[in-house]
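Labels A, B, C and D are assigned to the chains in the order they are written; within every chain, residues are numbered from 1.
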Amino acid sequence: MKKHSNPTKERANLSVDIAGIKLKNPVMPASGTFGYGEEFGEYIDINKLGAIVVKGISLNPHSGNPPPRIVETAGGMLNAIGLENVGTEAFIKKKLPFLRKFSTPLIVNFFGKTPREYKEVAKKLSEQEEIAGLEMNISCPNVKEGGIAFGIDPKRTYKLVSQVRQVTTLPLLVKLSPNVTDIKAIALSAEEAGADGLSLINTITGMAIDLDTGKPKLHNITGGLSGPAIKPVALRMVWEVSRVVKVPLIGIGGISTARDALEFMVAGASAIQVGTAGFTNITIMPEIIEGMKDYLEVNGIIDIKRLVGSLKVPDNPKN
Amino acid sequence: MKKHSNPTKERANLSVDIAGIKLKNPVMPASGTFGYGEEFGEYIDINKLGAIVVKGISLNPHSGNPPPRIVETAGGMLNAIGLENVGTEAFIKKKLPFLRKFSTPLIVNFFGKTPREYKEVAKKLSEQEEIAGLEMNISCPNVKEGGIAFGIDPKRTYKLVSQVRQVTTLPLLVKLSPNVTDIKAIALSAEEAGADGLSLINTITGMAIDLDTGKPKLHNITGGLSGPAIKPVALRMVWEVSRVVKVPLIGIGGISTARDALEFMVAGASAIQVGTAGFTNITIMPEIIEGMKDYLEVNGIIDIKRLVGSLKVPDNPKN
Amino acid sequence: MHQADVIVLYNQEVAHSCYKMRFLSSEIAESAKPGQFIMIKAGGEFGPLLRRPLSIHRILASEGAVEILYKVVGTGTRLLSETKKGDFLNLLGPLGNGFKINTDLHAAVIVSGGIGVAPLLFLAEKISEKKIDLLILLGAKTKNDILAVSELENLGGEIKLATEDGSLGCRGLVSELLEKRLGPPGSPVSKIHCFTCGPRRMMARVAKLSKQYKIPCQVSLEAGMACGIGACLGCAVETKPREWENYFASQPHYQRVCKDGPVFDSDEVVW
Amino acid sequence: MHQADVIVLYNQEVAHSCYKMRFLSSEIAESAKPGQFIMIKAGGEFGPLLRRPLSIHRILASEGAVEILYKVVGTGTRLLSETKKGDFLNLLGPLGNGFKINTDLHAAVIVSGGIGVAPLLFLAEKISEKKIDLLILLGAKTKNDILAVSELENLGGEIKLATEDGSLGCRGLVSELLEKRLGPPGSPVSKIHCFTCGPRRMMARVAKLSKQYKIPCQVSLEAGMACGIGACLGCAVETKPREWENYFASQPHYQRVCKDGPVFDSDEVVW
């Protein structure tokens, strides 16, 4: 990271631009950990966030998996919520009215069980002017093709993203799964297919067993690992992807402090999302924003954008 | 898990058979965390272990990566040792004499930079009668094919394992990398190519950044994540693989307690390896062995083999 | 509802592996309703990642203090039990909906199993304050697991005990006490409400009895939780869909224990 | 070498963010050599995963007690600083090779930078016991970072101080003190051995001077460690290959700080 002296003690500029969405600061919640905003609204000032990101929406409502749905692991947790959501229609009618009250841009995470569903949801959401951008979750099983996730194969990713691209002019973020051999290939496919930005990472598939009952701890058997445990993997993937794509990245995975957040930006993320950490500390996002500001000012960095991708490695052209 | 009453309080039978190697108990060190045995020999009774597994050996000595080579993360650590080892010849001359003193079977982990090297090492090691089995690490970059790891592609895996299979009659374990989209496909390829057993998982690639210097914390930039943080991922992969292959599995990843070890066996492992946990507690392996025995006896399970793959899920044929 | 570091005033073992803790929080003391809970971060920075949900056991309004009653079952509760007077604990609360005490309620029966008494003392106090007739049925495995008896006795209502091993009160299940009390099926038991908390199977039995006798019954459910505020959907419990919720069609219907509960009408729950 | 829970006798801040801790361990007290270290699990079960390496600062043989001197720089040392008298700590040691004190040694100079004095007090005591002439050069950033002076003074040898800001002793680097003391290059300085520990750049300077003056010099190095016993190869430091090790050919040559060190001949190290 380049340090610049800041004798006049200006306040650091934390604003960033993600795929045309202007953010006051790079900090936003991770989809599925912030409900539809209402739940956290009682505790924090949503206007202070960089963006709002809501629980993944599908065309029709889903009731999700039977419990138990969550289990704690070392430095992390597994969840198998099963994509429970109210569906596009109810989201627009019942959830949007609350969300439109804020000056903070709204990013809607969505998914489908078939490419058609993906397109339909994207289309319907794009008609809502309160929505600043879409985040497309491609880690879902494709029911048409035997339940294998869309986002684990570059070709499938390309096809799906292209189709969605055609139906929306909103900034389109594609959220990548870490459960792949080469996340760069998936990222490149998504970029080529028209993604305006990439969010990474989603959860890593894991499992927990209750020895005393001999059963899995989650009804769904496997679940997605999140939290500090996955931070090193997320950071590596952000760095790998940042070296091959041109679109901006949103770094996600185990971010719990301002330093974590800044590390992701040094690795190449233009913004970050906070998920699991919000469960332990409900005011973590405002705290991270303040902490980032303080760090930048103490170190004389007047604009956070200078940090993005500044990792000092021998072959980094950004240094 | 099935419980059986054990009124006579027999001591539980912990012995298992892995690919023809008879183990007193299912507990062994993970390659690279136990040196060449000498280091731990001062602290624990090596004769009590199920097997000895040594640091990965290559044809020629490797001096490894420049430091820093390790860094701690939440619930885990990253290492980028860079496969430092004394080479096959020095291993046989200088390290085997110590290792042959024990009644515990010796499993030698090895790797190569080319298929030829893999074969040569396997051949040389197979001539040593002290060696009970080989564990082939296929997560190494293939220098001939542009540095892409052998073990991330089913076809490459099949080819490499077949070639090694031809040069050794020793029990051949193949150690799988978790950095893949579908570990089942790699496992099936290795089995088909003649592997007698599979060890999983190796480390997950991760990264750590020093915010204050703006540099990666490891000289090698990325490293392998191990420790409790990865246990849920390892457990999931053992379970997934156990459902598609017939050869025995060795479960590895974050095992730190007897309960952890038993959970891996319930998931489908016939034996387990302990790596990172040995750094915090040097006597962890004897403690795990005792703890497993106690657990089995308290629960009236007279033979540990009954636990293997006993996970209670609706479609498990083993229940 | 707020998140704060609170100071511990008291933390003692009150029965085998059961602890009572008191801490200062005028915010919670002023606003909490019976049946609500708090989410505590056990062990501080290096404890387990997630908060642990614990019911509000009692409010000491004059001191602005709050009591919880908890059983050590794992790492979080063990670390909590090691907390000392003067230590700080981070918590979030009060959370959840709490029990509803209808204004026209004449008589209430509280059925508690084991540590399930935790939220029920607070409830019993509120019911007593309203001069509603109160019968308390306390059940547990053995006499060592019967908790909070003296506090409940102070309220002056009737208390019946049952233990599975017969070491205190009747031998048997607390639901049998309830059954005995309700008389032969068909007996008229009007305007009684039942409130229960305890092991799920016990609550299921109480729910079934209540249904038989047509007594409204409120149950306080448990579920593993991550956020405690309704944001993560981790604490789902299956319930019967209300009519207007038929858009879920053939899918099961879930509610959040943390936000829609933890107290549910026993009729709603799919047992 | 052993792994054990030891009881803490004393743990106090002795200078800004520097602590001295004393614990009972007759095994270590009896067997440890100057320059060896221990690996401590800070924060117990829920502390950071890996042990932390800390030098043996002093042995109190009669009490079977051991002292360490450490600076709070991160989580592990912070948790250590919160340890109280009577607490237990799990540790492994003594580890590593320690300083070699040649039998024919006539005069020794110890060069310490900052917290680098930690292993050097124990060494100075051993050297004093052997009636070897001892000069101690202590350097630090400011006078607040000069540690263990009174203990070193008790040994009766000569002590010179240097601080970078001049707040105590000479203004400047401790390596300049050494240079001044050695006189103009070419001065005859026979049978002196140099022992040093401190920031890597300071040790590199001392190593360079020693080489110039042809004085044998032992340095105590640091590296991030996982196992502390030579098993993981995590603590590599680049050294010059010895002749018979030429099988490494063009590759760099590494040694393990924990097992082959932490004390190395300064000539061996690739600075």
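Simple rule for what comes next: contacts are C-beta pairs under 8 Å (C-beta built on N, C-alpha and C of every residue); 3 or more make two chains touch, one makes a residue touch a chain.
Since this is a predicted model, take the numbers as computed values, not measurements.
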(request) Could you name all chains that are in contact with chain A and with chain B at the same time? (result) none
(request) Note the shortest touch-path length, in steps, from chain B to chain D. (result) 1
(message) Which chain has its C-alpha centroid farthest away from the centroid of chain A?
(response) D
(request) Can you check how far apart chain A and chain C are, centre to centre, with Cα atoms defining each centre and the answer in Å? (result) 36
(message) Nearest whole angstrom, what separates the Cα centre of chain A from the Cα centre of chain D?
(response) 47
(request) Let me have the rounded angstrom distance from the C-alpha centre of chain C over to the C-alpha centre of chain D, please. (result) 57
(message) Please output the residue numbers of chain C that touch at least 2 other chains, ranges allowed.
(response) none
(request) Could you list the positions in chain B whose residues touch two or more of the other chains? (result) 75-76, 227-228
(request) Name the shape of the chain contact graph, picking from line, ring, star, complete and other. (result) ring
(request) Go through the chains and record each pair that touches. (result) A-B, A-C, B-D, C-D
(message) Which stretch or stretches of chain B touch chain D in the complex?
(response) 32-35, 39-40, 42-43, 55, 61-72, 75-77, 79, 81, 84, 87, 90, 227-228, 276, 278-283
(request) Would you tell me which residues of chain D are touching chain C in their complex? (result) 43, 46-47, 79
(message) Give the list of chain D residues in touch with chain B in this complex.
(response) 1-3, 41, 48-51, 90, 92, 223-238, 247-248, 251-254, 259
(request) Mind listing the chain A positions that touch chain B in their complex? (result) 1-2, 73-76, 78, 152-153, 179-182, 204-209, 211, 213-216, 221-222, 225, 227-233, 235-236, 239, 254, 259, 262-263, 266-267, 295, 310-313
